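When the chains are written out, they are named A, B, C and D in that same order, and each has its own residue count from 1.
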Amino acid sequence: MSGEAGAKPNLHISKHRLEALVDGVFAIAMTILILEVKVPVLESPRSAAELAARLAHDGPTIAAYFFSFGLLGVFWAWHHRLARLIGSLDVPLLALSLLFLSLVSFFPFAAALLGRYLLNPVSLAVYFPVVGLILATQLATLELARSRGRLDPEVPAADVLAARKRNGRGLMIFGLANIPNALRFGLLPAAACLAVSALLFLWIRRMK
Amino acid sequence: MSGEAGAKPNLHISKHRLEALVDGVFAIAMTILILEVKVPVLESPRSAAELAARLAHDGPTIAAYFFSFGLLGVFWAWHHRLARLIGSLDVPLLALSLLFLSLVSFFPFAAALLGRYLLNPVSLAVYFPVVGLILATQLATLELARSRGRLDPEVPAADVLAARKRNGRGLMIFGLANIPNALRFGLLPAAACLAVSALLFLWIRRMK
Amino acid sequence: MSGEAGAKPNLHISKHRLEALVDGVFAIAMTILILEVKVPVLESPRSAAELAARLAHDGPTIAAYFFSFGLLGVFWAWHHRLARLIGSLDVPLLALSLLFLSLVSFFPFAAALLGRYLLNPVSLAVYFPVVGLILATQLATLELARSRGRLDPEVPAADVLAARKRNGRGLMIFGLANIPNALRFGLLPAAACLAVSALLFLWIRRMK
Amino acid sequence: MSGEAGAKPNLHISKHRLEALVDGVFAIAMTILILEVKVPVLESPRSAAELAARLAHDGPTIAAYFFSFGLLGVFWAWHHRLARLIGSLDVPLLALSLLFLSLVSFFPFAAALLGRYLLNPVSLAVYFPVVGLILATQLATLELARSRGRLDPEVPAADVLAARKRNGRGLMIFGLANIPNALRFGLLPAAACLAVSALLFLWIRRMK
């Protein structure tokens, strides 16, 4: 596979540079989550009771901040575990990485929507598909790198297989966990979640 | 050329440092694009219909976000392919790089203007020249580095020629693609686009 | 200890990558502090007296900006002194680091609250616990790394001991300094501060 | 001097880490300058005349953006030329670097004030002192590093002398250039600018 990769035209964009962009986008997406938590405007600036009441009212927004920060942290860690397996980039891999980053950078909007309208089903219908797409682009990146011979030849095949199974299981569990949520929008979305999860299950079983 | 570069006064700012600034500015410019997509203020916070209608209304803004993110991603990738060819920096190259970065950082404003006023010709008259100037500063950076003997002496001449032709063709195609758009502002802007494209065509043909 | 670490499952996320994320989050948290200092809206744009009066009115906000920037700077320096002692990451250490970062990124909100409502006790009751939690996650990170055998085996034991004592003393002094402040909320919070400080004092004495 | 530095207690914060923070703060400060250029709210969204008029009205703000971006670029380049001369950090040098960064991060506020109230003398009385303090902390950093034996022993003494003279001259010229501006606030500020410039002139002459 190393020989094949050597013969392919090289994009001349090192992994290292892309990782710097990835770290930057994650750092900013994580940090601007807090911009959604607004300093309340008080009628009596010195009233402890009013400020406490306003902050208690913003409690779900603050909880959503820590939850979304943690989720972005998990995506970031997952991404770096995958990036280690990839040896070099080509145009389709770079395009998929940019799609991944655009979803990561879109995430603060989805999180703000959910924090503001926690009980509105449409905000869930934005938030969960964004999370699902982030997981799916991660999975697709590794599969694409593999099919195009761009994996790092020094990484043992067992590590690649374990990473592929982990990706598949992650997305499968996410699909199953979304069924109750999808049921609020009708039987069809729930059936779609189930079908995707079932396909992933069969796909993981056939991996070797 | 390597000997010439060695004799020139050195700016003592390594390429590596400039690249860190470039990656930072791109990461932030990409991420703050999402700040233009505002969380809507609903009259009935739990109304799925109202939130869905408001998000549908913001559809073009959201589409513009992904389009602009992708465009910045292309500029970023293009920049790094060029940066690989340059061996060291001097004051004019640094000044041109800062102009390039100031345009990249200006881009989110142009993108916000276009997303908000998609049907207003003036927003196009800001967006497309900014894109054109970003492409033109990329082209100028490589030409300047070449004329000042700042290319990396280890890069094959064929790679430099290919990069110069790619820069020229990119800007030429952008100029031609803008003619229908320029026609909305009169014959003169359209003729200017055509003339620039024709000059680029002649310039590319004479390259060797 | 080095042999033990080698036998443990490896997270494959290098310290270097986490440090890049840490530097990014700190740089952004520091820089967005300034967004809280708003350009005043003047009735007479050319009136020097009005602008001077408005800026004087915003004096505490501006002073709070420099104070909070300095505090983040101290946290950043402290973090890097600790990070030097840690050799490799595992999942609990990564989770603690993300909690630390989420508090750092929450800090600009706490600082904005304090700058806006300096005389409101509730804003102090947000600001100081956030600072305390940042110090406590730092302390916990080093203790966790030590108990899990993730310290860098090349760092002398005396350096680790000195860092642990410094962490403990920092949090103890912070606890004592907060007693007058805690008294405003009743005897119980003040007693809690005192108890935590006393426990830290005993813990530091028993260290070896 | 190298031996002296070796004997001093080491802060264990590498120059490399501080430079990453510096690059991050500069990248963000440069990029958030654009947040001051607001997308206008139009009465007739499709009116080209209205949008053109509004953008023309925002012309000074846009020009101020490019000017301030360029100025931050110059500070960044200047900083990196100085950072090359310094071998290691101690607490006073780190504190001075954080003060420098807090001023860089404050600069977008000063720039926004100047862009909004170009004709108000108070906005000049904020902008120019901030620029002056940024230049002065640069000068102080090199002098402090020199007096504390923290210069890189491999840098030739002639380079250090040239950098010190450049720093002194830069601040001196800035002081002289500010005299007309300072005269608007009375004779005393103008005399202070003159006195500082004269002292810098004498100091540069005595350097060896």
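Everything that follows uses one rule, which is that a contact is a pair of C-beta atoms (placed from the backbone, for glycine too) under 8 Å apart; a residue touches a chain by one contact, two chains touch by 3 or more.
Bear in mind the structure is a predicted one, so any value in this text is a computation, not a measurement.
Of all residue numbers that take part in the contact between chain C and chain D, under half occur on both sides, making this a different-residue interface. Of all the chains, the one whose CA centre sits at the greatest distance from that of chain A is D. We define each chain's centre as the mean of its Cα atoms; on that basis chain C and chain D are separated by 27 Å.
For this pair, chain B with chain C, the centres built from the Cα atoms lie 38 Å apart.
Residue positions 20, 23-24, 27-28, 32, 35 of chain C are each in touch with at least two other chains. Against chain D, the residues of chain C that register as touching in their complex are 19-20, 23-24, 26-28, 30-35, 37, 39, 42, 45-48, 51-52, 55, 65-66, 69-70, 73, 76-77, 80-81, 84. On the chain D side of its complex with chain C, the touching residues are 11-13, 17, 20-21, 23-25, 27-29, 32, 35-36, 94, 98, 101-102, 105-106, 108-109, 112-113, 116-117, 119-123, 126.
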